[in-house]
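Have a look at this one.
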Amino acid sequence: MIYPDNRWKHAWDGFILFAVTFAAIEVPLRLVFGYTAKGWIFVADSLLAAIFLVDVVLQFYTVQSEQGRLIVDRSEVRRRYMKSWFVPDFLAALPFDLIFLLAGPLGLPALLAQRISRLVRMVRVLRLFHLAGILRTIQRQSTLHPGLLRMSILAYWILMAAHWVSCGWLAIVGSTGDPLLDYLNALYWCLTTIATVGYGDITPDRTNAVQLIYTMAVMVLGVGVYGYLIGNIATMIANLDVARAHHQEKMEQVTAFMRYRNIPPRLQSRIRNYYNYLWESRRGYDELSVITDLPDSLKADVVIHLNMEILEKVPIFRGSSNEFIRELVVELRPVVYTPGDYVFRRGELGERMYFVSKGRVEILTVDDIEIKATLGEGDFFGEMALLFHQPRTASARAAEYCDLYYLDRSTFDRVLRRYPEFKKKVVAFAEERS
Amino acid sequence: MIYPDNRWKHAWDGFILFAVTFAAIEVPLRLVFGYTAKGWIFVADSLLAAIFLVDVVLQFYTVQSEQGRLIVDRSEVRRRYMKSWFVPDFLAALPFDLIFLLAGPLGLPALLAQRISRLVRMVRVLRLFHLAGILRTIQRQSTLHPGLLRMSILAYWILMAAHWVSCGWLAIVGSTGDPLLDYLNALYWCLTTIATVGYGDITPDRTNAVQLIYTMAVMVLGVGVYGYLIGNIATMIANLDVARAHHQEKMEQVTAFMRYRNIPPRLQSRIRNYYNYLWESRRGYDELSVITDLPDSLKADVVIHLNMEILEKVPIFRGSSNEFIRELVVELRPVVYTPGDYVFRRGELGERMYFVSKGRVEILTVDDIEIKATLGEGDFFGEMALLFHQPRTASARAAEYCDLYYLDRSTFDRVLRRYPEFKKKVVAFAEERS
Amino acid sequence: MIYPDNRWKHAWDGFILFAVTFAAIEVPLRLVFGYTAKGWIFVADSLLAAIFLVDVVLQFYTVQSEQGRLIVDRSEVRRRYMKSWFVPDFLAALPFDLIFLLAGPLGLPALLAQRISRLVRMVRVLRLFHLAGILRTIQRQSTLHPGLLRMSILAYWILMAAHWVSCGWLAIVGSTGDPLLDYLNALYWCLTTIATVGYGDITPDRTNAVQLIYTMAVMVLGVGVYGYLIGNIATMIANLDVARAHHQEKMEQVTAFMRYRNIPPRLQSRIRNYYNYLWESRRGYDELSVITDLPDSLKADVVIHLNMEILEKVPIFRGSSNEFIRELVVELRPVVYTPGDYVFRRGELGERMYFVSKGRVEILTVDDIEIKATLGEGDFFGEMALLFHQPRTASARAAEYCDLYYLDRSTFDRVLRRYPEFKKKVVAFAEERS
Amino acid sequence: MIYPDNRWKHAWDGFILFAVTFAAIEVPLRLVFGYTAKGWIFVADSLLAAIFLVDVVLQFYTVQSEQGRLIVDRSEVRRRYMKSWFVPDFLAALPFDLIFLLAGPLGLPALLAQRISRLVRMVRVLRLFHLAGILRTIQRQSTLHPGLLRMSILAYWILMAAHWVSCGWLAIVGSTGDPLLDYLNALYWCLTTIATVGYGDITPDRTNAVQLIYTMAVMVLGVGVYGYLIGNIATMIANLDVARAHHQEKMEQVTAFMRYRNIPPRLQSRIRNYYNYLWESRRGYDELSVITDLPDSLKADVVIHLNMEILEKVPIFRGSSNEFIRELVVELRPVVYTPGDYVFRRGELGERMYFVSKGRVEILTVDDIEIKATLGEGDFFGEMALLFHQPRTASARAAEYCDLYYLDRSTFDRVLRRYPEFKKKVVAFAEERS
C-alpha cells in the first residue's frame, strides 16, 4: 500500500496536477477551434490517457486518511474508491483520440465522430475536482508559508476560470482566422471585464442577445470574484507577515498615546527601542500564546526544543528523569529585562529561579556597586529560592536586554510532589550547597 | 388560527413570494412598454389579484409572534393587521385589468383608463415590503446555512433593483421597437455601470439633462451598493466555512512561529498533524465555546445528545434519576490526547474520572510495559478518583488520538450534595467494587 | 453669554451650515462662469455677508467647552477667538459685491475689479473649516443614529468635493455656452471617473498636458476616496444595526455547529427559538456589557431606570433610603429561563433572591405537581435566602420565557454592611415574616 | 564608527534617498527615449556616481544593529557588508557616462557603447532594495505618526511602479516625437488602467500580441495593487485616529442601546457627556491598557512622568527612596468621578488613598451639608486608610469631573514589605498625625 507521506506519491501528485492542468486548458481550446488531434497533440492526448489510467490503478493501493485515522485495509480502500471517484476517473482515462481513430472507419461520419469526441473529452475536466483534494493535501503538508500557498492556489483557479470564460467568448463571437490573436483578444476582453477596467474596444454586439447575456453573466460573476479577491488580497498579504503587521499596529497605538501625553523624547525612544528589541529578537511572537493550545506532551516537546540545553546545565536537574524535566519545562515562563533593570534585590524574599536564555546578568556585591559575577546564555541563578524560603543574598541586574525564563516555587513544589524519589536528591543537593 | 410553524403556511408563503416577484417584475415592464393586458397576461393579472385577496383573508387568521410570545387572539390579530398592512395589501389585491375592462365603457377614454390602470398597479409593488417580513421568517426558521441564505436574499434584491433601474433607463431613452433587445440593452447598460465596468458603448445623450442625472444617480447608488457587496461577499464566503478559515489562520500563525524558531521538521509535522486531527475530527469546533451562552437546560440537552450513550454505560450512573445525570453531563469537559501521551501515571493522586468518546486508551501493568487492558469508545476509567482520595493503581496511556471527557471530583461532590439519596448508592457501589 | 446647549444656538448653527454650503457652491461657479452678481444673486451675496458678520459678533459671546470644562469668561472667550478664527471669519463676512460696486467708480477698471472680487471671495470657503466644528458638535449632541449621521456628513463632503472637481474641470476645458449642460457634463465626467466607471465619452484632450494631469490627479484622489468609501460603507451599514449583525453571526456559528454535530431537529429548533427570543426581547443586547464602563453613579441611574418599579414593590426595600437602593440595584444580575426550566428546587440551599422582569414563574407545591402560585412582572421570590442560610421551601419553575434579575446573598451582605441602620429593619422584617 | 543615531547619518540617509529616487526615475526614461547624456544630465550622472561611491565607503564605518545589539567591530562590519550589498552598491557607483565617454574612443561603435551604457546603468535601480532598509530605519525612529509614514512610503512605491509601467508602455508602443506628451499619455494610460477607470481612449493595438499581453499583465497586477490599496487605505485613515474611531464606535453602541431601552433624554445626555469628557480629556485612551505590556521599569518611568509631581507632594512619601516611589507609582490606578458622585461616605471602612489629578473634590462636614475643604490638582486625601483599618471620618464628593488615582491598602502593604526601613517612618508619621 502507498502511504500518504510517501515521497514518490508526492511526486506523482505533482505530475497529476500538471497533467490535469494541461487537459483543463486543452479541452476547451479544441472545442472552440475544432482542430484535429495530429502530431504531438495526438501523442499528448494518448499520454494523458495513460497517465490517468495509471493513477486509477494507483488509487486502489493508496492509503486514505480520515479523521486522523489511516485506512490501510485494501478492500476498504477499494470499496470507498469504487463508490466515490472511480467512474469519472476511469472515463477521464479513456484515450478518446485513439478510440475515435479506430472507431472512425466503423461507419460514423468523420465529422460527427470528431464532434462527439470533443464533447466527451469534457469528462477530463472532472478530474479538476479530484485535484482540489490534491491541492488540499499539498496545503496541509507543505512547509511553505500557508498564505503564499493559498494565494497561489487562488491565482491558479482564477487563471483557469479566465481561460474558460475566454474560450466561451470565442465560441460565441466566432473566430477570425488567427487562433493566437483570437485567443489573446478573448482573454484580453475577459480580463478587461473582470478587472472592471472596461476599455470598451471589445464589446458585445448589441443586437445579439446571447453575447449580451454572456457579457452580463461574466460581469456579475466578475464582481463576485473581484469582491472576493479584493477582500482577500489585503488579508493574505497581511498574513504573509502577520507578526510585522501586529508589531506596527502596536507601535502606532503606543506612539499616538505617547505623543498625546507628551512623554519626553528620551523616554519615547526607550519605549520604541524596547518594542524594536522584541521585534528583532522574536518577531514579536509571544511564544506562550502560540503553544498554549497544544496538548501537554507537544507543548513540552516544543519548549524542550527551545530550552533543553539550558535546563541540562542546571546541577539540580542534571541526571533527573526525562519525564520530570518535561513537566518542569512546560512551566517555564519567559520574561524580558531592559538594560539596568534589577531582576531582584538583596534582602527580598525570593520565590523564583531564573535561567538566562539571552543577554548578560550581573550579580552585585553587598552594596550593589561592584560586580561579583556576570552570567550569560545558559547560566542560571536564584535556584535556592526553589528550596528555601529565605531572602536573596545578592542583587541581580540586567546588563543589556535579557531574555530570562523563570520557574516559581509553588510550581516547582507541585511538580515535585509527583516525583517523590527526586525530592530526596534535591534536599541532599541543597544541604550540600548551603 | 394558522400558527407560524404550520407547513401549509410555509408553502403559501413561498407561493406569495413567487407571486409578488412576478408582480414586481411585470408592473414596471408594462409601464415602460405600455402593452395591453391580453391573453395570458390578463389571466395572470387576475390570478395575482385572486391570490393576494386570499392572502389578505388569511392574514386575519394568522397567529403573529412578538418578543417570543404568540398573539393567538383573533380580534387582537385583526386589530393589528387593520392598523398595519391591511390597506396596501387590499389595494394590491384589486384586479386592475378586470376593473378597467369593466370601467372602460363607463365613459373614460380607453387610453386614459389604461394609463391610470398602469400607474395604480404600482401599489402591488408595496407588497415587496410585506415580503421582507416573509424573507425574515424564512431566514429565521430555515435549516439552510444562514450565510448562503443571506447571499441569496441579497442577490434577489440586487437583481430586482437592476430590473427597476433598467426599466427606468428604458423609460428615459425610449424604445427602438424590439422589446426584448431593448430590455437586454438596458439591463446590459445597468450592469455595466453598477459593476463599474463602463465599456462606454451605451452612454447618456450628453445634451439631455435627464439622462445625465439618471446616469449619475445610478453611478452614485451603484458605488454604494457595490461597496456594500464587495465588503460583504468576502465575509459571506468566509462565513460559509468560518471553521475552515479559523483553522487555516491558526495553522498560518503556528507555521510562521515554527519556521522562525527553527522547530525540527519531525516536531513540526507532529504539531501539524495534531491540528489536522482537530480539524478532521471536529472541524476545529470547540464545543464548549459554542454552548457556553445557552441557559443550563438547553446546554444540558445538547451535551446529553452528544454524550448520553457514554454516560448510560457507566455502572455508577445507570439507573440514576434523569435530573442527576443532566446536571453531571453539563460538567463534562472534553480533552484530547495524542498517541503515546499518558493520561495519568500509577501512584499519582487522582482527581478525575475519564470517559472515552473516541480512540483507544491502554491501561498498563505495574511496570508500565505490558498492556493490561485496552479501552475504546464508550468505556470509562479512573472512576474511583471521584469517591476516594487515593493514588492511581495503574497508568493509562493513549494508543492513538483520543477524545476523552473528564469529570473532576469537586464538581462531582458539588452535584452530589443536591442529590443526597444518590450518595448512598455511590458509597454502596464503591464498597462493593473495592 | 450663549451656552452650547442653547436651542437658538443650535438653530443658528443649522442656519450657518446652510449659508456656508451656499457660499461653497456659489463661489467656484462664479469663478468658472464669470457671471456678474445681479438681481437675486447680489441680494444673496449681501445677505450672506450680513449673516457671517452676525456670526462673528455672536462668537464673542459663545461659551466654549474644553475637556469637559466650560469657558464662560468673556475676555477669555474673546482672547481665544481673536487668536484662532477671527481673521478668516471676518474676511469671509465682507460684502464683496457691495464693496466692488462702490469701489468700481474709484478708478479700477470694471473687469479687473470683478476678477479680484471673484478671487477674494474664495476666503468664504475658509468657513468650511469652521463648519467642521459645527458638524462635530451636531454629531456629539444629536440623538440621531451616529452611523447614519456620519454617513450623511461623509456624503456631504464627497458631494462638495465632486462639485469643486467639476468646476475645476470646467475651468480647464472651457465652456460651450449652455452653463447648466456644461455643469452637468462636468459633474457627469467627475462621477464617471471617481466611481471608476469610465465610459470614455468625455476624456481629456490627449495633446493638452494640463487636462491629462488634472485627470490623473482626479483618478488618484478618486481611488483614495473610493477606497475609503468602500471600506466604510459596509462598516457603516453594518453599524446601522450592529446588534442584528451580531445576532446573525452568532446564529450562523451555532447553526453550523449543530449541523455538523447532527443535533436533532427539535433541539435545533429550541436553540434557534431561544436566540430568537433573546433577539426579539432585547435586540440581543447584553445590558451588562453596555453599562459596564460607566462610573458607578451613572450605572446606578441606568439600572434604576430599567428596574426601579420592580424594586419599589419589594417589602424589605420599601421605604429604604434612596442611596441604599441605588447601591443594591447596581448589583442586580439579569438571567433568562426557558419554558419548563427550574429556577430552583425544593430542598436546595438558597443563595439568591429573584425579581420577575418579564414572563411567568410558577411556585410549586411540595411534590412539584400542583401550582401553588404564579408570579408575573414585578413580583419577586426567594427573598428569605438573602437573610437566612436555609433550604428552599418550594420549587420555582419558569412557565414561559422569563427575564429575571437576581441578587445574591454575599452582595446583599456587602451592601448591608455600609448601611447598619437598615440592618435592624431587615432583621425585624425577617422575624415578623417567619 | 558612525552610530545609527548619528544626526549626520540621518541627513546623509535622506540625501541617498533623494539620489536613488532620481536614479530610479532617470534610468528607465533614458532607456526609452535614448537621449545622450549631455550638459546637466551628464553632470547629474557623475555626481550620482560620486555620491554612491562615498556611501559605499561610509558603509564600512557604519555600526549595524542586530536583535537589539550593536555591531561596532570594524572588521565584523566590513565582513558583513562585503558579503551582502557591497558588489551591487559598488556597481551602482560606477560613473557609466564618464566610463563610456572615455571608453568610446577605445574602438567600440558609439551606438553600441551607448546601448550597453544604458542597460548597465540598470544596476543603479538595485539600490532601491538598499533603500527599503533606509525607509525601515526612518519608520522605526521617526516620531511622525507611523500610519502617515506608512501611507507615504506606500504612495512612494506606487508612484515609482506607475513610472516604470509607463516607461514600459512607451517602449512597446513607441514614441511620437514629443517626449513630455508621450510620457504624460503613457502615465495617463497606466493610471486609467490601474485605477480601473478604463476610458478606452488609449488601448492596445489588438493585432499586436505584445501590447495585449503587457496590458493584461498591468491589469492583473493593477487589480492586486488596487485591492491591497483599497484594503489598506481605510485601515490607515482609521489608524490615523484610532482613538477617535474607537470612541465613535463606543458612542454608536451606547446610543443604540439607549434608544432601544427608552432611556430618558436627560440621562442619555449625561451618559453622552461622560463619554465626551473621557474623549476630550484623554482621547479615550485607557492608559492602563497601553502601558500594560511594558516591563516594570519602563512602566514605572511612564507612570512617574505622568504623576511624579503629585506623589512628591504627599508627606508620607516625601523623602522616600526613589526606588520605593517607583514601585508604588506603578500600582496607582486611575478612576473617574462625575459631578456630584461620592468618592466615599463618612463611616464607611476605608481601603484606598486618593490623589487628585484633575478636577475639584469637596470634603464635607459631619452632616454632609457644609463643605469643609475643596481639594484640587495635586492634592490627596484618605491617606489614613493605608495605615489603619478605620472608618472614614468625613465624606468626599466630586464637585466636577474628577480624574483621581487611588492606591489600595493591600498593594501598599505588599510594597512596604520590601522596604522595611520605610515602614518605621510611616508608623511614626501616622502616630504624629493621629
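To keep things simple, chains are lettered A, B, C and D as they appear, and every chain counts its residues starting from 1.
Heads up, the rule we're going with is that a residue touches a chain if its C-beta (ideal position, glycine included) is under 8 Å from a C-beta of that chain, and two chains touch if they have at least 3 such contacts.
Because the structure is a prediction, the values reported are computed rather than measured.
*Asks:* Suppose you list every residue number at the subunit A-subunit D interface; are over half of them used by both chains (same) or under half (different)?
*Replies:* On the two sides of the subunit D and subunit A interface, the residue numbers are mostly different, under half being shared.
*Asks:* What's the chain with its C-alpha centre farthest out from subunit D?
*Replies:* It is B whose centre lies farthest from that of subunit D.
*Asks:* At what distance in angstrom does the C-alpha mean of subunit C lie from that of subunit A?
*Replies:* Each chain's C-alpha centroid was found; their separation is 42 Å.
*Asks:* So how far apart, in whole Å, are subunit B and subunit C when each is placed at the average of its C-alpha atoms?
*Replies:* Centres of subunit B and subunit C (C-alpha means) sit 29 Å apart.
*Asks:* Which residue numbers or ranges of subunit C touch two or more of the other chains?
*Replies:* 196-200, 226, 230-232
*Asks:* Where on subunit A is subunit B touching in the complex?
*Replies:* 65-69, 140-141, 143, 145-147, 150, 193, 196-200, 203-204, 206-207, 209, 212-213, 215-216, 219-220, 222-224, 226-228, 230-232, 239, 242-243, 282-283, 285, 287, 290, 293-298, 301-302, 305-306, 418
*Asks:* Spell out the part of subunit A that touches subunit C in their complex, as residue ranges.
*Replies:* Spelled out, the residues of subunit A in touch with subunit C are 196-200.
*Asks:* Which residues of subunit D touch subunit C once you look at their complex with the stated criterion?
*Replies:* 180-181, 184-185, 187-188, 191-192, 195-202, 226, 229-235, 237, 248-257, 259-261, 263-265, 267-268, 270-274, 276-277, 280-281, 336-338, 340-341, 345, 347-348, 400-401
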